[in-house]
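Two complexes, one shared chain (chain A), two partners (chain B, chain C).
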Partner chain A sequence: MPGMLEIMVQNMVNIPLIQPLVDVLLKIPVINYIVALILWRPIFAVLIIPGLGAIMLVLMIIVWWERKLTARVQWRVGPLEVSRPIGGVMQVMADGMRYFFQEVIVHRNAHAIYFIQLPILAFLPVLLPILLIPAGPVYAIRSDYAIPAIVALIALIPVVIIAMGWASNNRFAYIGAIREAFMYFAYEIPLIFAVLAMMVLYGSGDPFVIVEKQTVPGILLNPVAALTFIIATVMATSRLPFEIPEADQEIAFGPFVEYSGILFGLVMTLAYEKLYLMSLLLTILFLGGWNGIAIPILGDFMPPFWLFLKAFVFMLIISLLRSIYARYRLDQALRIGWSSILAISIISIAISYALVLTGWLP
Partner chain B sequence: MTGMKEVREMSIEVPVEPPAEYESLFIPVPKEFVEDAYRKDDFIVFIGPQHPGSGHMRIIVRLKGDFIVEAIPDPGYVHRSMEKLAENRLYVQNIPLLERPAIMDFGNYNLGYVRVIEEALDIEVPERAQYLRVLLAELGRIGTHLYDAGILAVFMGHTTGFMWPFAVREFIVEALTHITGARITGSFIIPGGVRRDVDEKVLRMIGRIIFTIENRLEKFERVFIRNPTVVARLKDVGVLTREEAIKYGVVGPFLRASGVEYDVRRVESYEVYDDLDFEIPVGDDGDGYTRFLVRVEEIAQSMSIIRQVIDRIPEGDVISSDIEAISRNDIRGSFYDALAKITLPAGEYTTLTEAARGTLLFSVLSDGASNVPYRLRFVTPGWMYLKGFMESLKGERLADLQAIYGSFGYFPPEADR
Partner chain C sequence: MKKIKAEKLGLTESVKRHLEAIGVVVGEVIVPSTITIHYPRERRKLPDNFRGLILFDSKACISCFRCAHICPANAIVMEHRIAYFPSIDYAKCIFCHFCVDSCPTGALRPTKIHDFVYKDMDEMVVHSEEMVETPEIVREDSFTVEYVFDGDVQLVKKKEKEELVPEVKPPERPPKVAAALNPENCISCRLCVAACPTFAISAKEEKTKIILEINVDRCTACSICNKICPTSTLGLVDR
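Up next is the complex of A and B:
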């Protein structure tokens, strides 16, 4: 019976670039377990890339990038004073430190238990989809139902946000939670339809099959589905022009109005984490997943690298929306969601069926 | 198991006692109002004074679902008792005091108050000084409208629309610095003229500034004014019909947006406005978007006025010969000798001025003996259109409150005085 170490070493991520270093480290008694564990494929996928480590990297860079880009559009400089030589990238870290040492106030009227645990619980629906998002050879769980399962798990995040608004017991938080619930239904159905259209097109819910079939990226095969997915992503991550549940000038950050300190830090990053997950899904469905130019020296690290890069570039582009649009009103957003977006999502399913039935796709 | 159960009428005992804070915080709503709202399952929301979209005031909003049934203003958080303060200061010391409500718009505020003194003492103002006064007033008007456009933008979440007008306004501030020496609150207009002459170079620079602002505003138009989300948010929102606008005493651009062509600069012209060509932008719809567009058009008209002023300004003195000044081009050195002993003859003197946000009224009651006003009445446009603002909120959605607020450019320090 092989030991724990053998199991992990047999199924390790093979990166030629750092292989000599790994070989050395595997000879040291205790370190070898740690190295083998981190490089064990399932753990590597969940913990490093496209999992937790990548999320942290995204949070650090995307918040900085969004502020810097907005500043450039608005004839300003943006964050600069913290770590001036590298353009203020460390600003996010500084903000995080501030959140961490700030007092967390739990007001008298809040339901304290839910109020405190919900921001932490919110990480569950953020991290669970990572289990099912493969990056080529680096994956945790392979399933025929991975894509529907990812969509279902991402759909849990608004539930947590609504619960936060309820536990806050504040009028603005309550209004924000109601808005979140309304928006949830407005984008979720078109989003599911768009994903469904692509699953019809590829004939499978398995990301491996989907990526394999994308010799031509999905965005060219079914642009309508891609458009629906992108708009639904913008609505789902409450970015402008659909930043309606948070609307700081109207309802003072809605469900998050009572949060302070590190708890606010946690809830504030939720939208970015969700954006990251949906960008990964978009990359797999529409942008050819982890297909990319081969870089032999990266070995097994190459597919996650391409997957991450495509998702990240999409996030960088979508950050520009913030400096272009004003916020729609709730009823306008609902009208858009339930009429035009729903209509084009249904059209996208029809397009997929037409492509499959006419045999344009193998 | 039990089959049919007896149908009973259930009623839940909901506490209808208003919170104690309603009394201790002097909230201006009667107890019955709160109890009635609780019974009818309405929602009372306090917007302000510590709210990102309220300014220094509180709006008590009664909601039915998402719709505003009633909006009650609770202003006065930045009340500075200017009318009372003015009674303890020399006439000339009141100039810097009374421009404080709208610091960007100091030209019009100075002008309104100084004209009261000039009217009472019958002081003739040299033509060059009159042109310079118009220049200041119009620069202030552009600056204020840009400021309000920025606030409107940020209330709708459009941060670029907030930053750009503020950046453009910086050019106006620069021009004011070159004229008066202060970015805002210039206190430049004095009884009998202006403080000192303005150099030809400065006037040419203002001409170039106007050119730059025009270019930048074209970009602003593409990003904000014609932005589909902005149009969607402001169109048909907070409508005041012509009759309502007149009934509620709305003034200035907001009255003109409802289709009433009333501008003090035309109706009771002062300074050299009669000699200048400008149009009065008037809208028809009376909604938020029209209120905004009217002010955008006013910026264009003000720029046209400034160009005419720069072209036509005559040479000559800037201080009236009725004032005992050492130099007719600069009041420095003889300021207090000339102006501190001003005493108005007994009587009441009133002027109307078209400030950026609307009609501004100054009324001074003098006892004829003292060198301070006996009573000074001072009605700012913000206070005048507060009622119209509150009425236009009714029937709109809660999310529209900030859009309507921004479309009125309501400025609590100005209204509270």
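Up next is the complex of A and C:
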């Protein structure tokens, strides 16, 4: 298929740093297909950055980082003994290996089919938004409705978690699933309103238009919407202080209580993957997307690099919350979600309309 | 029913408290005020009289049995080697170091070695010849850590390796010495000569009676001669 190779080569990611190597590899018969496929823009966006590869990198570092930060605040050491010279970063890999070789127990009362397939299915709503999140020239699908579609796809993740809680057929899992459902309604509406406010402000749902219009970062244009979005992110990824559905001291990881082995490994990372997606969305909406200092040698890799870096730094900062705040009760969180956060999300829409109507924004 | 409500705070006050909490956490992340000692890589600075593993010097031992007598756990048994030397059963030892304190010649010495293991119970009975050499220690530490109790507890780290076998001065000899207090009682049995662990007593025959000579330099005032003498000839006098 010579035509296929040409199509891919024409639409390849151009990185001056590795271009000589790519040129050499493209002359080798079989490897040229692999290299061209990986560097093909849609595949590169989904598989490497900001897609699967970046997610894996984030998972590796953020879990370690969070454990390490919490440990330092609590006067412990945290993961260290695995790969001591680099401060125990490989601990996550070691945990992953352990999960992989541990027996997966499906208990008698569980709905075995759903119980096993749901953690795997959960990757669909995690990976599908990646298709729509562009990083400058590296993107898979460009659409005017990308932002609403991303929000809609991310909103599917709690449905999977609730289904997991149901399939586990355990009282803790059931309580966790119910809590997840309650929280879902509490944060999803303010989250959608905050996104809506930014879409009103920029007048488009296309990430390219949104990033282009952000000569001033969105967080300065509409800080209320940014605050709403950040609180909703914390709620949505069930992090402390809103770690209510999982609450390991109360209901022992809630919907995930019956999972073991690699299935637990999959569901445990779900919250972090969701956090990554929402950080990317936050970066595009509020932090200027892939705008950044130009680094010519990176070429097409530069926009995804900046997008990833901004999202990643946001994740690193949000990890601190675990050691600062205690967990809210469900009723407290619901009260906050339905009253003050909903109120400020509506205010943020008003601010956006005011900004647009007074013509502050070009 | 009494309902407890959260304290009502104004906006500025609650924002201030949030910022304070965030500040504390950020500060702890940057410089954690932990007081944990990372043991194999750091060692706590121990005093020179730390009650650790006991070392033995067979040249100084006078077989006075005081260590065996005083041991509250009955861990010390005197075994016959050249003379009677102590063996310590570390399964029984409670590390009170009464033996070290009671040793009149400093033959038993304290060390700061507190991390030693044995493979089985039989091995825990350490004989005198095994106590002479300092055991081989795998040192992973490069820091010596010290707690400073000045207001808040603080941890002071120094990049130095501590010597685990401190130099201990042998105890001062008691200001007493054995002497023949009642020479007229002597029946020339020479039990004292045989019993003296430091060979300080010698007997010189003179016609029908013997004269006991006591080497004052060698005498440790252990009073074994005093106890063994059937006729209370010997006693202790001031030096």
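Everything that follows uses one rule, which is that the second predicted complex is superposed on the first by the 360 of 362 C-alpha atoms of A that agree within 3 Å, B and C clash if a C-alpha of one lies under 4 Å from a C-alpha of the other, contacts with A are read in each partner's own complex, and residues count from 1 in each chain.
Everything that follows uses one rule, which is that contacts are C-beta pairs under 8 Å (C-beta built on N, C-alpha and C of every residue); 3 or more make two chains touch, one makes a residue touch a chain.
Quick caveat, the model's predicted, so the values are computed rather than measured.
Within the superposed three-chain model, A:R142 lies out of touch with both chain B and chain C [touch as defined at top].
In the superposition on chain A, A:H107 contacts neither chain B nor chain C. By the document's definition of touching, of the two partners only chain B reaches A:R327; chain C does not. Between chain B and chain C, B contacts the larger number of chain A residues. Looking at the shared chain after the overlay, A:V77 reaches chain C, while chain B stays out of its contact range.
Contact with chain B, but none with chain C, is seen for A:E250 once the two complexes are overlaid on the shared chain.
When the two structures are aligned on the shared chain, A:R98 is found in touch with neither chain B nor chain C. Comparing the two interfaces of chain A, the one with chain B and the one with chain C have residues 73, 75-76, 323-325 in common.
The touching residues of chain A, when paired with chain B in their complex, are 70, 73-76, 171-172, 175, 240-241, 243-244, 247-252, 322-332.
Residues of chain B touching chain A in their complex: 43, 45, 51-53, 66, 153-161, 163-164, 167, 223-224, 227, 229-230, 232-233, 397-402. Against chain A, in their complex, chain C makes its touches with residues 21-22, 25-26, 28-29, 32-36, 38. Considering their complex, residues 69, 72-73, 75-77, 320, 323-325 of chain A touch chain C.
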